[in-house]
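Given below, in the form of structure tokens, are the structures.
Across the two complexes that follow, chain A remains constant while its partner is chain B and subsequently chain C.
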Partner chain A sequence: MAHRYILGISAYYHDSAAAIIMDGEIIAAAQEERFSRVKHDPRFPVNAINYCLEEAFIEASDIDAVVFYDHPFLTFDRITKNCAFAGESSYPVFNSAIKSMMGIKIWVEKHVCKTIGSAGKLGKIIFAGHHMSHAASSYYPSPYNNAAILSLDGVGEWSTTTIAKGDGNKIELLQEINYPNSLGLLYSAFTYYCGFKVNSGEYKLMGLAPYGNPTYVKEIYDHLIDVKDDGSYRLNMEYFGYLDTGKTTSAKFHELFGGDPRQPESAITRKEMDLAASIQVVTEEIVIKIARHAQKLTGSENLCLSGGVALNCVANGKLLKENIFKNIWIQPAAGDAGGALGACYVAEYMHFGGTKKTGDNKNDFQMGSYLGPKFSEQEIEAYLDRNRYPYHKMEYTEKNKTLAREMDNGKIVGFFAGRMEFGPRSLGGRSIIGDPRNPGMQSKMNLKIKYRESFRPFAPAVLREDVNKYFDLDTDSPYMLLVAPVQHSIRKPVEPLAGASVDDMIPVINQIRSDLPSITHVDFSARIQTVHTETNKAFYDLLAEFKAQTGCSVVINTSFNVRGEPIVCSPKDAYLCFMRTDIDVLALENYLLFKEEQPNFDDKENWQTKYELD
Partner chain B sequence: MNRQLFEYHPTIGYKFIKSLKTRVAHEAGGYLLRTNNWGFRCENDFQIGKIPGKKRILFFGDSFTAGDGVSNKFRYTDVLETMLPDTEIYNFGLSGSGTDQQFLMYQEYGKDIECDVIVLSVLVENIRRIKSHYRYYYNDKNEKVIYAKPYYDFKDGAFQLFNTPVPSQPLTMEELPKEEQEKVDTGGRFGFARSVVNALGLKEITQKITKYQPVPEYNESNTPEWQVMREIIKQWKGMAQAKLIVIPLPLYQFVEETSDASNYQSRFAELTTELDIPVIDPLPEMRKYTMDERRNFRHKTDVHPTAEGHKAMAEAIYPELSKILEQ
Partner chain C sequence: MSSTNDIDNKIKDIFDGIVTPNIGSHNLNTQLDAAAESYYEQPKSPAHVYYSFIDTSSQESFAKYIESFWNEEGTPQFAAKANELSALAFELSKDHESQSEELSPFVYTMY
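Showing the complex of A and B:
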């Protein structure tokens, strides 16, 4: 029987990606940035598409449908109408947008044909719609047969927030909030104001929040946003600039919070910490209100989440604790990249009428989100031999024993195994790992590996069966999208700091808070990844060996990259990152490389200026 | 991301990595490339013994045979496999290789494989490669580097193999002795003039006007290049466990009749008259297509054959090859 292949594409805004499914099952998905090595690359995902066709191993002409995640004409409509409404002052916004739209967006079909040689059997592109793509990306791979679906992001076409209902293979959009009212853009306004990069620095703001006090919550509610009991909201556009100036915030916003935005890479002060804490509280309250409303509307006990706001794992953790829904599933590539996957599903189920697989409310269809390229041992060996890099080829169990021993001795490991992850998190396919019991590990990893601010905590990866031993969580969190407190039993008493400046985070960071200091945040929380043998045996077996040697079934897991660099994809990317940082051991599948054995590294590329801070 | 396709080989210089399954980006949109259990771009895994009831042909050649620019299934060898009943084809094509390396590949991998026919597909341009000692490649930083290759030559009255084991590391032009610098294959004649003409987009018109001859090495029987080519083929025949056939694959200039093919055709015809080696010349059949059809036998800028070009080659080769196979 012939299979039905659908290629989904998201592009032109930020973090473009491609995905391919066969008869409703995911074959591959990847972000363009991983191949182009340009963080959040918004360009047409030529390399990601090529990879998807490689994984499916089909000709472009064998694709049944090519689907784009957005509807460029609706986006164009929004831009035009908003500019008309905003008047003459919006000319720069209009000018830039129209060039972009006329140059590329409306010619998606031509671009596809030029890139892969065919628009597939349909001979034309299907446009799935931005929020429908988001909704589909979270509902169809979820383990549920019905669900309330929330999609929360900056903006897509006109919508910024949507509530939908999934039932069987159908999704029905129920309610939406439209641009310019946007929870995502509200959060981004604070991201920008606190000196981080919009569309990528939001998770830093979230990491900063626990250091602050939510002292600005009243100002936010009094001036910036009006929220109703059902979670619907309106922004006061006098405080924002994105309608008419192209900037996120306005002078009035700056006046309200007492001055100009913080300059990137300047010192973070109490004000930024308190602002981060405040917008985090407001976001959580709104998300919870919307979720309650969605539950009432749909009557479902299951929730599916997507859109950039769904990457706010602190809010997700709070939502879980509220018990509004019995089950929650969050698309790990919740941002626009995941729209490529959602677009595939829209075509499969709503265009072709495919039958959704029956879920068991537990096991999803995302395959652990290991949907990217894998490299064979032959490829790795050929790469190492060609470059004459010294390595040790080991048996699988011997490799795990060696890596566990090295971590126990305080070494940092670059771990490269199996398929690359789809989505912004490293989940043990392309990860930097270390011993979380080591008190100096957070500082070492931040300053000598990631070259970034040291306030940001690292995430723990823990054997699924042991999660409750360390954390107040007893559910699966395979995608590192839930935050939960560390157990009281492993916490350490923290003495109040005498004489420290209120602006200085360093003494606070350096306090030991638990038996696992490197992953315990200032508020005793942790962003947890549960590791499952069914989806990542290589990572699971390594953690099991670490537990066997040390009694600890947790490792630090951070993305395999330096600051501002996309996560590594290939053995070459991994080797470059290994040599540019203080990673001690590189494990490329069963090939181990030790730093002290490597030849002098002549790095011609000035990567520290190439990769900008988020 | 471009996957690394080749690995170092001490005798041949390099070969495909085993068990690859990749898609190579290309001006025509990209093509699927699969390598087998022995590291050759072939849909069939290799085994020594024949499958009862099946005939087997081994094909050796360069990128035209390996299939640069098209997916495995569109190559002339794969098309031939569908045309020839109960026949499996083992494709040993290696991109960028010369006849010397193909002969070494046969000795290393092919000589013990049971088969009915061995086909050497010589892209006529390969004659230049067999006189070169080095070739340019692009490394993963997209820098041009020089790698040594094995080669045969007459020395002290004997036909000898040089540059083996092949050095594994790349070289720079400055590292080569002066006399060896001229032995780097730069990809064709009149290097500087060619780059200027190509940059101006005047390649085709210039070739037409000048009646450009891309392979003057075939002009006479006694050119050093042809002497080496002829000796390789002669030795190959002496070693072959089955009938050796030679197929001269034409460059597009010969298919599209901008260059005179008669000299190279004469040289290959001599293989039959002098060495009793059957030669199948696909050129006359390929010239029966219209000029527009022939232009579609190659890509827009890449000179490798398109799927149409491969199909035309397969159809041109099929009648004589099937007859030989029946014998």
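Showing the complex of A and C:
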């Protein structure tokens, strides 16, 4: 029997991506930014689409359906009605929306045909609903046969929050909250006000939150949002500007919080820390209420989560602790990129009526999210030889011994192995790793490797079987989407800081809080990745070797890039990042490169201005 | 390729034709209601939120699509300028035909 191939595309907003499935199984998925080297690249994903076809070994004529993850005319409907509500002053919003929707987004089919020659056997594009794509992206690859499905994001067409029920191969939307009321846009308003970039700085705000106190929670509830017991909510639009100006916040918002927004890159003060802590608390409380309601509505013991808000791993950790659901699965590419994958499933199960694989409540169908390109040893060796870069080709076991020893000696390793990750997190396919026991590692990695704000914490990757030894968590967290506290047994007493300014985070950051200081955040939390031999043997074996040498089965795992740069995709990207930073050792599969052996690096471009700050 | 002014004039004409006459006619849920038990709604646009097709095969068919879309949505008043909107969409699409040419060619290799 012929296989059924479905190509999914998300594009034109932020983080465009493509995915391909065969008979319901994922073959490949990748974000365009990894190929184009433009962070959050929103353009039509030419490179990602071609990669997906190449990985599947098929041509356009073999594709049964091409699916777009969003309905541009439904979005235009929302914008038109928004303008009718907001009045004449909203004309600039209408002007820009019509050019974007009617000039670009409605023409997906044309762009697909131009890129790959046809729109597949169906001959026309399927437009999946935005939140349906999100819901499908979390339910179908999950290990469950039924689930409550929550999709929480800024806005997709009309919806901002949806509750659905998955049962077998069907998803039924049950309830929703619509624009302009949006938990994602509320969080983004604080992201903007605190001086970070909307759509990419939200995780910085989340990382800043533990430095502050939630002193503004009352103001938020009293003025900005009305939340019901079932988690449904409405925003007080007097405090937001996006109805008619395209701006996130209004003058009234600024007045409420005592002044203009913080300028990007300026000093972060106690006010931003407290605002971050406050909106984090509010977000967590609302997410938990919505989840309780969804459980009552569906009766399921399983929850699937997606949408940009689902990347708030602190809220996810709190949700897990509440035990509302027995099991939780979160799509690792929870934002719009994951919509490409969800769109594939919408066609497979809703249009073609495919049969969903039976889940075992434990092992998902996301393949560890290692869904991107892989490079063979021959390709790597050819690249290194061609450029005359000195390297050491090692046996697999010897390589792991060497890398573990280097990390134990305080060295930082660029680790490149197997297929690239799909989603915003590096999970040991394209990672920068180091020793979390080393107290200077957080500062060194932030300032000399990543060139990013010093307050930002690093995440631990830990052998799955040892997670509970270090953290108050005993479940799988393979996608780094759960935050949990470090165990009391490895914590260290922290003395109150005398004489430090309340605005100064540096002394706070430098306090040693546990045996693993570089991954222990100021509130003793950590964003955990559990490492599994079934999905990433190379990374698992390295951690096992590090444990054998040091007794510690945890490493720092941060994305293999510098600030503003997409995560590296190819050996060339990895080598450039290695040479532009203080990474000491680069491991390209079994090829090790040591910084001190490399030739002088003549950087032909000023990469520090090339990448726009995130 | 159309001039920016020409396009902007057409957009203003559509705005004046479908938005201006309907100002105040469409309510977004912005009222806070202390007495309400819940703000959840039933899913909007059931014909589109799962999946659907958009017919852009010709200017006429897209105009028909726009008309039937807004009729199905229960807001036929927004379809007043369906023909002009469709014509504008076709005109705008030509302006963006070169978009993919600006992208780097796909190179699934490290060289």
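In the analysis below, the second predicted complex is superposed on the first by the 614 of 614 C-alpha atoms of A that agree within 3 Å, B and C clash if a C-alpha of one lies under 4 Å from a C-alpha of the other, contacts with A are read in each partner's own complex, and residues count from 1 in each chain.
Heads up, the rule we're going with is that a contact is a pair of C-beta atoms (placed from the backbone, for glycine too) under 8 Å apart; a residue touches a chain by one contact, two chains touch by 3 or more.
Worth saying up front: this structure is predicted, and the values here are computed from it rather than measured.
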| item | value |
| --- | --- |
| Between chain B and chain C, more extensive residue contact with chain A | C |
| First (chain B), second (chain C), both or neither touched by A:R388 | first |
| Partner chain(s) touched by A:S570 [first = chain B, second = chain C, both, neither] | both |
| Partner chain(s) touched by A:P180 [first = chain B, second = chain C, both, neither] | second |
| Touching partner for A:E379 - first (chain B), second (chain C), both, neither | both |
| Partner chain(s) touched by A:F35 [first = chain B, second = chain C, both, neither] | both |
| Touching partner for A:E54 - first (chain B), second (chain C), both, neither | both |
| Chain B versus chain C as contact partner of A:V67, first or second or both or neither | second |
| First (chain B), second (chain C), both or neither touched by A:G117 | first |
| Chain B and chain C footprints on chain A, overlapping residues | 35, 46-47, 50-51, 54, 115, 373, 375, 379, 383, 386, 570, 572 |
| Footprint of chain C on chain A - complex, ascending | 35-36, 43-44, 46-47, 50-51, 54, 67, 71-74, 77, 80-85, 87-88, 90-91, 94-95, 98-99, 102-104, 106-107, 109-111, 114-115, 124-129, 131-132, 157-159, 162-163, 173-181, 226, 228-230, 232-237, 243, 293, 346-347, 350-351, 373, 375, 379-380, 383, 386, 570-573 |
| Chain A partner contacts - residues on chain B that touch it in the complex | 1, 3-4, 6-8, 17-23, 25, 28-30, 32, 34, 71, 140, 168-169 |
| Chain B partner contacts - residues on chain A that touch it in the complex | 34-35, 46-47, 50-51, 53-54, 57-60, 115-118, 373, 375-376, 378-379, 381-383, 385-386, 388, 569-570, 572 |
| Residue ranges of chain C touching chain A (in the complex, touch as defined) | 7-8, 11-12, 14-15, 18-20, 22-34, 36-45, 48-54, 56, 65-66, 69-70, 73, 75, 78, 85, 88-89, 92-93, 95-97, 99-100, 102-104, 106-111 |
